[in-house]
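Per-chain residue numbering starts at 1, and chain names A, B, C, D and E are given in the order in which the chains are listed.
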Amino acid sequence: MLQDGPSKSAHRTGRRWRDSDEATGLALISPTLLYALALLFLPVLIVIAYSFWTQDYLTIDHTFTLENYRIALTEPIYRDLLARSLVIALVVSLVTVVFSYPVAWFISFHGGVHKNLWLFLITVPCWTSYLLRVMSWKVILGYQGVLNTGLMSTGIIETPITSLLYNSNAVVITLVHSWAAFAILPIFVSLEKIDRSLIEAAHDLGDNKVMSFLRVTLPLSLPGVISAFLIVMIPTVGDYVTPKLVGGKDGVMIATAIQAQFGKAANWPLGAALSVTTMVVVSAMAGLVVLALKLFVRWIR
Amino acid sequence: MIEIKAVSRFYGIYKALDSVTLDIAAGEFFSLLGPSGCGKTTLLRSIAGFDTPTSGDIRIDGQSAIGVPPNRRPTNMVFQNYAIFPHLNVAENVAYGLKRLKLDAQDERRRVGDALDQVRLSTLGKRGAHELSGGQRQRVALARALVMRPKVLLLDEPLSALDKKLREEMQVELRSLQKAVGITFVLVTHDQYEALAMSDRIAVMFGGRIAQVATPKEIYQRPLTRAVADFLGGMNFMKARITGETATDLSVETQRFGAVTLTKPPGFTCGTSEATIGIRPERLRVLWDDDTAPHAIEGHVVDRHYFGEITHLIVNVPGLDAPLSVSETNNFGADDIPVGAPIRLAYDPDALVALAD
Amino acid sequence: ADTITVFDWAGYEDPAFHPAYVAKHGTEPEFSFFGDEEEAFQKLRSGFKADLAHPCSQSIAKWREAGLLEPLDTAKLTAWNDILPGIAGMKDLMTAEGKAWFLPFEWGNTVLTYRTDTVKPEDVASLRAFADPKFKDRVSIGDNVDDAYALASLAIGLKDWTTMTEAQFAEASAFLRDVHKNVRLYWTDNTDVSQAMASGEIDLAWAWNETVTTLQKDGVPAAIKKDTKEGLSTWVCGYVRLKGGEGTEAQDYDFLNAVTDPAISTYLVDAWGYGHANGKGMAAVDAKLLAEKGYADVDAFVDNTLFQAPMPTQMRQKMIAEFEKIKAGY
Amino acid sequence: MRKSRWLPIYVTVYLGFLYLPILLLPIFSFNNAASTTFPLAGFTTKWYAALWGNGAMLDAARNSLFVGLCVAILSTGHAICAARAITRYRFRGQRAATGLIMAPLFLPEIIVAVSLLMIVLQIGIELSLATVILGQTVFCLPYAMSVLISGFEGFDRSLEEASMDLGETALGTFRRVTLPVVAPAIVSSLLVSFTISLDEFILAFFLSGTEPTLPVYIWGQLRFAAKLPSVLALGSLMLVLSILLITIAEFLRRRSQRRIQGRLANG
Amino acid sequence: MIEIKAVSRFYGIYKALDSVTLDIAAGEFFSLLGPSGCGKTTLLRSIAGFDTPTSGDIRIDGQSAIGVPPNRRPTNMVFQNYAIFPHLNVAENVAYGLKRLKLDAQDERRRVGDALDQVRLSTLGKRGAHELSGGQRQRVALARALVMRPKVLLLDEPLSALDKKLREEMQVELRSLQKAVGITFVLVTHDQYEALAMSDRIAVMFGGRIAQVATPKEIYQRPLTRAVADFLGGMNFMKARITGETATDLSVETQRFGAVTLTKPPGFTCGTSEATIGIRPERLRVLWDDDTAPHAIEGHVVDRHYFGEITHLIVNVPGLDAPLSVSETNNFGADDIPVGAPIRLAYDPDALVALAD
């Protein structure tokens, strides 16, 4: 993958390979890469290897088998869980990105000299323990929670709404809340780089605010949107704590199942196979989302 | 078409525009001229709607434009820094504004093609924005505005990155476009020749204020102030003693150009005993060998600058405070006159102008 | 090392649990914390070294079979013979294969808990109430397989789950599926369930006895029902010695003896709401306090309880797999 | 750009959404009951007193802050190099390298944790906060990377060229031009990594020895409902502390700015 | 000083530089002239080290510069797009390169102050980079390079955003700086006058190739090809029949300018029967009233363009393929000659040049 040696183009220009783009790039990335390689090579290997083995209670059988993948792919429970996880992850990331974008926009365009202050303001809520935030949401969304009490005292509802907590809605709300900062930051970063005169030029050519946003600002901030999407979506698929805490009966997601296999159920191979399957499906979906975003942006212009 | 009324613009305490008042007629080719940093771009941006004046009013087509967003103004602008969309190629950049008009594809393609032809870029339609040279970028910016056929076209130094030949072609193109379609042009330029050659009227600005608004010929031949005269081409200045003064005229006695009567510029401080008068270098003509002229002065060449088409001679005339600058086409051999040679210069007394300070 | 490392639940580093140890050695032992036994198990299996650990009854077998444990020398344990008889009677818990492995420390009950303002005691006379459609969406049971199958076993009339047959397993699972229809949430920890109950989210829970203590203290109208037709369940946790610990054996035993000292009992019951495994200690605790905390007649409940004794691993694995499915709605 | 009327309103509502759950923490931390329900049971400061007595939890909080800071700096530092290499240069294996660095985003955390623990123990490193930092850094890399890649993408190269042209070395250029220009991305990356580390549990659990981080400690505490209020008190304290810190930082910034301006006016 | 040897640069299959060979002497003021997109910036960037030629060699001070990073070359560049550091203010931008020299604070401040004076920005030192007008930015870029006193200064259209007056001041400034310090200048410009006025030598480029390298006067008066002639100011072209041909000379018979013998340009295709010859508009002089001249032709005015200093007359001469363009200073009243009036033009046969195609 990373063999060195002079490249063809370097020969032609007569430059030493040491000075080439390739060498500089490799030199720059190598500390990080070596670090990741040292620490991540084994995990990756383990996941892949385990997924082809079998386990009986405490002992691992090292004969190659595809049985785990058969189970992972055909058992309706895993299929449904995967589907549910993907839907939730998609909804969460979509909602997070859509609702966070204006805030990122606001900070970048109207933040003035206080931009860093704003960024801190956005992330401070995440600095209290995650468990406490979840607990707070339970207090807010609960049967006699802040929301229900509020609504009842204003007379909008008679009896407490029970569909607020312990279902997918609660999972989505809690996740959106905890990932908000992670969506705002990359979008903010890419908005910061946009040359403001480009937006002026778009206005000048007849676009109203919405159109100039769709045709100039959005395409130019796409890298940020994409990274926000991925940062939110991928970990969400792998999250098992939030669903467990606020998801109630619906709270089982694929990650819960994977976690159980690595934990109590003590079936690492099945867990590994489920992980690999999930990984592939999630990557594919992430790719699709990125593609869809790019197509959308292309189509709009 | 465009009325600018006492518009001021502060950046903090810095006054970029200082109560500017201007009327630009529909279909007029209007140029803004002035030194770097005098507020030209600021004024243009105020007209386009990107900048809101701190005070004053801007009316377009009789309606106040304050508060009207740029996209609802009948203006299009060519930005000084081009503002090419980096995510679009050349043709897409040019087609940007058209997309909203929902033309059919063929129509749109034709208009984009025409605009690219006008700026001589028809072969580069598929180039990415970052694969262009400086001049090519500028032409894309120009095409992008031209293709919109706006009522008012605001051009912020649209040709500054082009070589003279191409610039002249573009000037002709712009001029003919304007005549054909009747667009109002407001051109910011730092190139006097461009302004003189293309404009119906020119406004000269200094430090956020308008110094003079007039037709090219008038502003060139009858500049009101020393600064305007100096800014628009060279001018030989000298002091003259005032011998008589009426409401409109000024009789002065000069060191070498005799006694003349000149039009008094508005803004001239009355009651002073001295006036500044000036004569353009090209209004001084070298007298060869036996040539004679009714009005002539003598001196000798102290320096010489070659400019291809013309040569500038710096001539020391005894009795004058400063050497005279003379511009002469190179048809006789002005470029060969040796430094130090004696020289005789003919002039027309009508070429002298009195200037306010 | 001049001190020992105890791999423990967070909170148990409480110095009041082992004053004798500190008195003798002058220093606190080192603590390393876990929040979940399964993760603790994985960490130990990966090679993490500590001297003592604090698992609960259901994990013992697994830990032992994985070869993590060091047998105990009962001669060096002062309280070994004072352990409450009910707990000491659990099969394969303290001793197995002829060796001693586990020194119980604290225990509690999992018991039907309900809100007295919305539920009449007669409605919950039987544990089958958990599956009663009347309580749809008003029920919570623990998100842990032991409490869940303890409930199910009791509900189908089985008190000793180590003898569970296939048919009984199927019946128990079917019962849990019925319960699942009523479940609003599977609680993960005590905080979870007490908050759900306090906020009126649920009316009925299969919860630890400390839950109701917490709730009553806050003035929430809640009660436990120990005398359901089927009874209740008892769980127990305690200390084991780990292989490869770097502390000295003497220190290990000093710590073990310190935590099972009868003097600890009152503090454990009062401040933590758990029962102490030392029978002598419990007997010495003020009766009013015991009653207040739900440990009134320590001997009486033994008859009507399902002890969460270690069960054959195969059955347990099946339960785990089945419970995962049940929770997911399958 | 004129300000729209709706945007500030929206941002306010959004901030409300972000802060609503957080503001409940201080409220309940003074509530005289163990369960967090309304109506409130009365005012008390006993939870704070209890917290004060709970040295282990305070230690855990301190450990978490330390780990968070180190992880933020380390992973951002690493990610700066990597993101720069990926956006600026073309080299073979680029995709594979990116994939590997991004892998923790996809891998089940427990596997990463278990295998890291095995590696660490194999090498014979003592488990400590350092090992936690080691592990969390690799875990935070993908997040830092995504933020920084969007920061480095489309960077105006002529700025770096101008710097090189003025005699600055590649490294000096990086420090004096590239970094300041992508400062927003760096700040964001630091914030993201810090935040992730602060809540990360599995790696922190597996890789810590006898010094737990806050999540490890709190997860264990939650077994006891009665301990919750102390955790709430701690959460509130941390909230107040971070807001205090930011206020001080902002105050200092303004003062130094005023001083600079003063110097300008004098000079 | 700088030797460019057969340098080519491809962008994909597009040839931006096509085996360019040039020698630039130490201390020389060298200009690159050419239409937009001809490769000037690319060549300059290759010298500075930002772009590696696809083939060929660049030697600076006798050493091959291929592979030497920009910061280790004795060159400084003024970028066409300025490349002002956005996070630094004006003074900091200018001081950027000095920081590395570790001067003492006072020395540094003095040098920065001097450079800002040179570009007339001394009052704006504390301004932020985004608070500048276009021309001010350009001057910051210039100051930033000047302050370094490099051996070689590469200037990519450094004055394009400045008005004429300021541009001329800057030209004088650059010129005197060069004389004082002995810097080698390589200037890219699209302004012929600038190139002619300032340069020791000029290279004219078309489409990535060098068309001619010569002194200003030579390149203006003796352009080798039609393209060069056309690019550098106007030229009246006409066909002439070849009547005789030697190794160096060409005898031709023209329609209206009689039979003349001209120097044969290198690259002239031998053996053809027709040649293109040309005469500059300013080498044609209007004959007034009774003036006479040994060589004259007659026609009538068809158009007139006013340029302040000069007027361009378009004169139709019967028998010529195209009307002649005549440039005349406005001292006599060329700007008043009515369109349609008959006119007589004097010329000097020496002003005619033969051109290769």
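Basically, a residue touches a chain if its C-beta (ideal position, glycine included) is under 8 Å from a C-beta of that chain, and two chains touch if they have at least 3 such contacts.
If you want to know which protein each chain is, UniProt gives these names: A, D = Spermidine/putrescine ABC transporter; B, E = Fe3+/spermidine/putrescine ABC transporter ATP-binding protein.
Given the structure is predicted, the values throughout are model-derived calculations rather than measurements.
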Give me the set of chains touching subunit C intersected with the set touching subunit D.
A
Select, from A-D and A-B, the pair of chains that is joined by more C-beta pairs in contact.
A-D
Based only on mean CA positions, could you tell me how far subunit C sits from subunit E in angstrom?
91
What whole-number Å value describes the gap between the mean CA coordinates of subunit B and subunit D?
56
Separation of subunit A from subunit C, taking each centre as the mean of its C-alpha atoms, in whole Å
37
Junction residues of subunit A, two or more chains touched:
135, 138-139, 142, 144-145, 209, 220, 262-263
Multi-partner residues in subunit B (2 or more other chains touched) are 69, 81, 86
Residue numbers of subunit D (touch at least two other chains):
36-37, 110, 114, 118, 154, 218-219, 222, 228
Under the definition above, what is the set of subunit B residues touching subunit A in their complex?
48-50, 69-72, 75-77, 79, 81, 83, 85-88, 92, 96-97, 99-100, 144-145, 148
Provide the residue numbers of subunit A that touch subunit C in the complex, in ascending order.
57-58, 76-77, 80-81, 135, 138-139, 142-145, 160, 162, 165-166, 244-245, 248-249, 251-252, 256-257, 260, 262-266
Residues of subunit C defined as touching subunit A within the complex:
36, 38-39, 42, 62, 65-66, 137, 143, 145, 180, 183-186, 188, 191-192, 195-196, 199-201, 313-314, 317, 320-321, 324-325, 327-330
For the complex, which residues does subunit E have touching subunit B?
11, 33-37, 41, 80-81, 131-136, 139, 156-157, 160-167, 190-193, 196-197, 216-217, 220, 230-233, 280-285, 305-310, 327-332, 335, 346-348, 351
Within the complex, which stretch of subunit D touches subunit A?
1, 3-4, 7-8, 10-11, 14-15, 17-22, 24-25, 28, 36-38, 78-79, 81-82, 84-86, 88-94, 96-97, 100-101, 103-112, 114-116, 118-119, 134-135, 137-138, 141-143, 146-147, 149-151, 153-155, 184-185, 187-189, 191-192, 194-195, 198-199, 214-215, 218-219, 222, 228, 231-232, 235, 238-239, 242-243, 246, 250
